[in-house]
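Heads up: the structure comes next, in structure tokens.
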């Protein structure tokens, strides 16, 4: 039950944004072994005055940069997170064709007791 | 001073969204004992290509699912968080009438030193 | 590589929002010693039914309140965070002229292994 928020510049076609949702879901299936249909992802689009980025850390980013913030269980291993980063860049590179320089990912941790995936219950506590 | 971000599909009337804000505030009053007027909540609306969800974990969700991400002090107990989840589902079920299956909540923890609620001060550090 | 999300009421001119981006970047340069061009910041604008705030904790807020959520390395000190809060309020007060009462900041912590700033790598792990 990762929860993902994606931020990108406005103006991309619907298919482009749908491909991001699909790629992120597939990357989580491949590297975190999330169950089928575990795809809780939202995208916000931003105009130019609401979005900044730069080339820090020697990465030549463009206005196509996507910020992906993923909240997951705090039990995920470093290896799983490394595999996730790699797979996201790979899949978003294939479709919708985002350059690897423009894939920016941050992971937030949240313990099992901090999730309610429906019915007002803490299913994993 | 919890800070809450809510994400849902676009197209709901203003009263519907206002009821979500009101219900979340009341749920925090009832279960976290937050002070009066402690209602720091934002909603983003998403069109179909910017929003995905699924039935993972045996919950039959719909396009009316709301993702609620709440950042709170790290001193909250498991019991408080369970009560919060329950109360949110209850109140949003009453108004605006969201099905309990469609209430998805995640809690993020942030220590007292990590909040500035005005004036550039760390009031709780 | 802090990642920042800002939420405010819709309706401010482009220059106002650009000044927020500029002020946050400068505040991070001044207090966190982030490298040049380390400015990964997004803004979402909210209409009235999608945004709530109040006067809790004795702070007289207005509809101009800005919620600033900053994710940083978990190695930042309390002193750095206090300086950051102070500098943000100072700079946003200068331009675009936000009252110190309306500057609300929350910091989230994320360990070095939880960041990929491009190329699918965990650069800081």
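First chain written, first letter: the chains are A, B and C, and each begins at residue 1.
Everything below uses one rule, namely that a residue touches a chain if its C-beta (ideal position, glycine included) is under 8 Å from a C-beta of that chain, and two chains touch if they have at least 3 such contacts.
Just so we're clear, the structure is a prediction, and the values are computed from it rather than from any experiment.
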item: Interface sides of chain A and chain C: same vs different residues, half threshold; value: different
item: Superposition of chain B upon chain C: rotation angle, C-alpha, nearest 5 degrees; value: 120
item: Centroid distance [mean C-alpha coordinates] between chain C and chain A, Å; value: 20
item: Where chain B touches two or more other chains, by residue; value: 44, 108
item: In the complex, chain A residues that touch chain C; value: 7, 44, 46, 48-57, 59, 61, 67, 69, 78, 81-82, 85-90, 100-109
item: Touch list for chain B against partner chain C, complex; value: 1, 3, 5, 14-15, 17-18, 21, 25, 34-45, 71, 108, 110, 113-123, 125
